[in-house]
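Pasting in a structure now, in structure tokens, and then I'll have a few things to ask.
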Amino acid sequence: MDFILDYYNYWACILIMLIGLYGVMAKSNLVKKILALGIFQTGILVFYISIGKVEGGTGPVRAAGENVVYSNPLPHALMLTAIVVGVATMAVGLAIVINIRQTYGTADELDIEAIEHERGD
Amino acid sequence: MLEHLRTQLPALIVVTPLTMGLIVALIGRRQIGWYIAMATTAGVFAMTLQLLMDVLNHGERSLTYLMGNWPVPYGIAYKADPLSASVMLIVAAMAAVITFYARRSVASEVPVGKLHYFWGLWLFCITGLLGITITGDAFNLYVLLEISSLSTYTLVALGKERNRRALTSAINYLLLGTMGACFYLVGVAYLYMATGSLNIPDIAERLQPIYASWGTDAPLYQKTVIAGFAMMAVGLSLKLALFPLHGWLPNAYTYAPSAVSALLASTATKVGAYAFMRVIFTLVGVGFAFGRLHTDIALMACSGAAIIVGSWMAIRQVNVKKLLAYSSIAQIGYIALGFALANRDGMTASVIHLINHALTKGGMFLALGMVMYRLGGTRLSDLRGLGRKMPLTMAAFTAGGLGLIGVPLTSGFVSKWYLVSGCLEGGRYEMAAVVLVGSLLALIYVWRVVETIYFGKRDEEVQVREAPWTMLVPTLLLIGASLYFGINASHTAYIAQAAADYLLGAAR
Amino acid sequence: MAMIDLPPALVLMAGAVVMTAVRGRARWVVGLGAPLIALADCWYVITEGAESYLYFLGHALNPVHVHPATPVFATIFCIAALGGMLFSLHQDRRVEQSASLWHAGGALGVVFAGDMVTLLVFWELMTLGSLVVIWSGGQKHSYGAGLRYFGMHALGGVALMMGIIIVVTQRISDGSADPLVFTHFAEFAAGWPGLSWDTVGIWLVLVGMLVNVGAPPFSPWIADAYPEGSFSGTVVLSAFTTKTAVFTLLVAFAGFEALIYLGLWMACYGIVYAILENDMRRILAYSIVNQVGFMMVGIGVGTKLSIDGTAAHAFAHIVYKGLLMMSAGSVLAATGKRKCTELGGLYRTMPITMWCGIIGALAISSFPLTSGFTTKSMIVDSIGEQSELLAQAGVSHTHLIVAWFLLEAATAGVFLHAGIKFPWFVFFQKDSGLRPPDPPWNMRTAMIGFAAICIVLGIFPGILYDILPYKLEAGEYSKVVYSFEHVMTMLALLLFGGLAFFVLLPILKRKETITLDWDWLWRAFIPRLYREVLTPLLEMAQKAQKTVLETLPGKSMEDSRLPAPLARKLGSAWAVSVPVLLIVLMLLVYLVIYFVVPSI
Amino acid sequence: MKENPIMRLAVRWNLPFMVVFALYTQTHGELGPGGGFQSGVIVAAAFFLYGLVFGGAEMRRVVPRWFTDLLAAGGVLLYVGTGLYSMFMGYEFLDHAAVMPSNPGGAEPWGMTLVEYGVGLTVFAVMMTIFNEITEGTNPEDNQTGESGADTEFGARA
């Protein structure tokens, strides 16, 4: 039980990641797939930020007084970059999905497959 | 000034294509994108050549560059050693040659209105690939991986003018590629948890006490490090397209514009292989990854399966581009097998095959690009009897095919020579047998194409000519280089052995 | 001294390249000039003892090394190339002529190869040349035969390549100073080496060479491929591939006992199938297997006399087999027919062809005063000599006695199938009504020249004996070769063979058949295996997969809409889901390896 | 929504304040919380609001595509240019001491400010581009304006 409670933050992250993973695997709508990918990435973001948290630490802004404990700011900075990367990925992904929708008339993977299958090969 | 810039080479090599890519995008619709891209890739090639010389002549055989002059664990450090410098050289060389080739090919496959985007993305992709190779920072590697991947997804999607499946291929590639990158990112997080550092050599150093505490009463972060490495291994296997995580590769290579296929085939997976090597040998150390965790067995199983299955699938293809793509999966198996052996000959084989396969497969994709340019398709039936119509192109393709089989006097033979030596040195006779079977299967799929080219009968008498010289010359250059390195392997072998010695030395 | 560095093979290959570009009479100059220059270069290299080194991966390559057996093989290869080119001067297939020169060049390269990489390179180049020669044959089955030929030789080439790599690696790890050198494998001379990791490389090399030499079970390619060349192409083909392999076996495996058995098999096999055969050039192709069998026995015995005998026999064999192929080629060129059943009675209008054919037939049957007699008897005698030596030493020599008897019997058999059967059915027998004239001057000259060589070597064997690997033994042998006993034995054998032929003539009357032997394995057995075992297995697997998928949760496969998450995904070629699932599975595998396996 | 006065008013009143707040965030970027990422997104959000109410075409009239394209590349160029400048001045890439060699410590905020402005511009421009990409051609009102999307990055409209 302690194993679950002590690491509740990790369990939460893992849960988020798994939800994302399930979405990518099980949803056939490409938009949903990309959203699921976003959820998966969010899980990672939370994971990084939670490992940067120092117990009892304040935000990493210079505070008055001696012996102030700061949280590790580096993961936050990294995640800023990761967010940008994630947004870019999602943008590219959605743009491609829009194109797919315009070309095939559907954004559903199974329908696309059916269309391509009818066309042969 | 020039002397100063020479010390800046590690940063300059990455920043130049980035800046130029931005300028191309900024200038917009005017069609000077290609000229800028050409000048940039040529310049980058010269710079990487200089860097490799510097690295090899340097006493420690490695150069470290501090971004913003921040000291090592805090800032991002770029680190050039024989391996990274030689991979950079091959990436830059391939980029320059393929860019020269790409002008007409791209113009015929991509709408005019998007050309400036194309060349901008092209340069970004090269930026990312070069950056992955030189960065010494685990997180920076992820970012650069995504820069190259994102531009690649878009470049692949631009193939939709020829075939709409480019779009579905691109989205599949995007989903899987992002997945792989995410796994790598999680792996980095684990290692960061355990060591508190992102600099690759620094992490390696900080892992030592953790390894030392193994098996004692108070093992430190044991599970964290193992889980981190597992995540990274899976993520990078996907980027490398190592069987069974190769699902994205065949379609992406097949439906991308010809020049993009060539660039991807000759550089992207190579850089993935490089990153994997770096993680195993420099980051976690071969003693841990192979000695304690026995990743080498898993890697060998995967690469053996890649060789057999990739070649087998290649035999069954009717689209020659896809055939080459599946053959790439098999060739990646050879590369992975080389570094899974972790001995001098195996590592040399891995690096030398990285170079040789880039030249050979790049050249073959370029040759197919010319077929595409003239005939608009690359199915086996399109190639029927082309040996008489496009003799130079088809000769280049055939010579490349011989290289894939590993016929003597081609560079593929040199690779296989070292690989089999490595297998025997490591006592892996079964892997040597797999290499042998792979050669036989390669013989079959190359043979199918060559037979069609020279002995197939064209039904209709279409007027087909050789492609323009601007496309022909780069192709012949690449294939010629691959033949040259098969006859005189001293340069490539020297570089590859230097890289292998460096990696194995670092591992000890 | 640029000449020293020039491997003779390159002369012929350069000729081959030039040949593709020139037309008209210039082709004659190139075709005849290149072999002559190559011959001069060969002897220059041989007398100067030139060694020329290149470097490959840090090891020395030597493309102009002179092995003891090199002079005799190099000479005859140049002569064969010259004869072949002369014979084909009127051939309008430029590609074939060029490929012929290329093929000969490859063979010449192998003969001068001082290291195994050079050997391998020329070996493959030679195969390439012969493939093109077969394909330009223009016969009905040329293409398919070429494919089968190529498949077989590619297999052998890969085995050879892997073998060489393994051998070299082992030598490097043993600290050998010159790991690439191509020389005798001492491990194989002393009895039977087991199949161990130490010798697997050498075994692979052996397999590669045995493919080319036509040893069982690879023998059928000879009769399959050679007759599909054009009338002139087959002449060239018959000379090089098998004899190059004989040369390499001679250098690397002299004294390896297993070769005796393989050789005996080949000698008998060739006779049996040649007797059953109808196509005149297939008869001659089978008799190549038979003759090479003699040489294999000679290599396997491995004494100085037997080695000399093998080399000499290869020389003589190339000449008379070339001669026979030329005579068959002349008939083919003149009539367009290949089958014994369709030919006959040609002696009326083709006297020169007939006489040359008969001389070749006598030579192959080792009739006294022909080259076959002076060379083949060396091999047979070396067996007798060796078995006497072994008997004196008290070692078992039963196998040699058996070998001796079988070879003597095979000698009679050769006379039966090649010495009488070929000329009889083609030139005499019934009158087929065909009245073709003798071939043009160049073909006649080539035939007469080769016939002259057969006779000269039969009367003055010393000329040939002087360039053999161990001249001393051969020199002494020239005194005994025409002893009364020798000649009488041979005549008795031949008479018996001749008698048998005419007694058996009714049975030997040819029918229109193709005989299958080992090629049953890949022409019938493997396709059948595929059809009757593999295909049903695949179908079963497909069915099982479908069943599994349909039993998974969700609606059936036929329903094109959602929701059937897993079932539909797994069957889909386009979905991302399977790869993603694989990623997760891979992660699981890694984690299991890392966490669970060590704790067990 | 164009006709809804409340929406129109809300946007008109909010937009300037959002931009000002973004500038405020921007100016804090170099050594404190805040910076280009945040400000870029906030400005972009302000214009998204405008676009949502007045329509994409109207928004593109105010902030044309060529302008966002320019900013997207120009912002990164500003960032990279800062690095290149220090490189050509004899320092390492992005070593901000180059901006004020006499006082390397004090130069840090100056260099960072430039970098942050570059980031802010790019993030704004890229967010706008994404918005444009996704909305363009999907809104029937936009199609009425006759704007053709044929030249956009991904949009061969079949």
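Worth pointing out:
Going by the order they are written in, the chains are A, B, C and D; count residues from 1 in each one.
Criterion: a residue touches a chain if its C-beta (ideal position, glycine included) is under 8 Å from a C-beta of that chain, and two chains touch if they have at least 3 such contacts.
These numbers come from a predicted model, not from an experiment.
Distance from subunit D peaks, on a Cα-centroid basis, for C. Separation between the centroids of subunit A and subunit D, computed from CA atoms only, is 23 Å. Separating the centre of subunit A from that of subunit B, both taken as means of CA atoms, is a distance of 27 Å. Rounded to whole angstrom units, the spacing between the C-alpha centres of subunit C and subunit D is 75. Subunit B and subunit D have centres, each the mean of its CA atoms, that are 35 Å apart. Shared interface positions of subunit C, defined as residues touching 2 or more other chains, are 574, 576, 580. Among the residues of subunit D, those in touch with two or more other chains are 153-154, 156.
For subunit B, the set of residues touching two or more other chains reads 157, 160, 168, 171, 175, 179.
Judged by the touch criterion defined above, the protein chains form a pattern that is neither an open path, a ring nor a star, and not fully connected either.
Checking each pair of chains for touch leaves A-B, A-C, A-D, B-C, B-D. In the complex of the two chains, the subunit B residues touching subunit A come out as 139, 142-143, 146, 150, 153-154, 157, 160, 164-165, 167-168, 170-171, 174-175, 178-179, 182, 185-186, 189, 192-193, 198, 318. Interface of subunit D with subunit A (complex): residues 32-33, 37, 123, 126, 129-130, 133-134, 138, 153-158.
Within the complex formed with subunit B, the residues of subunit D that make contact are 66, 69-70, 72-74, 76-77, 80-81, 83-84, 87-88, 90-97, 150-151, 153-154, 156.
The part of subunit B that touches subunit D in the complex is made up of residues 1, 4-5, 8, 11-12, 15, 18-19, 22-23, 25-26, 28, 65-69, 111, 113-114, 117, 120, 157, 160-161. Residues 55-58, 117, 120-121, 124, 135, 143, 147, 150, 154-155, 158, 161-162, 165-166, 168-170, 172-173, 197, 200, 574, 576, 578-580, 582-583, 586-587, 589-591, 593-595, 597 of subunit C are the ones touching subunit B in the complex.
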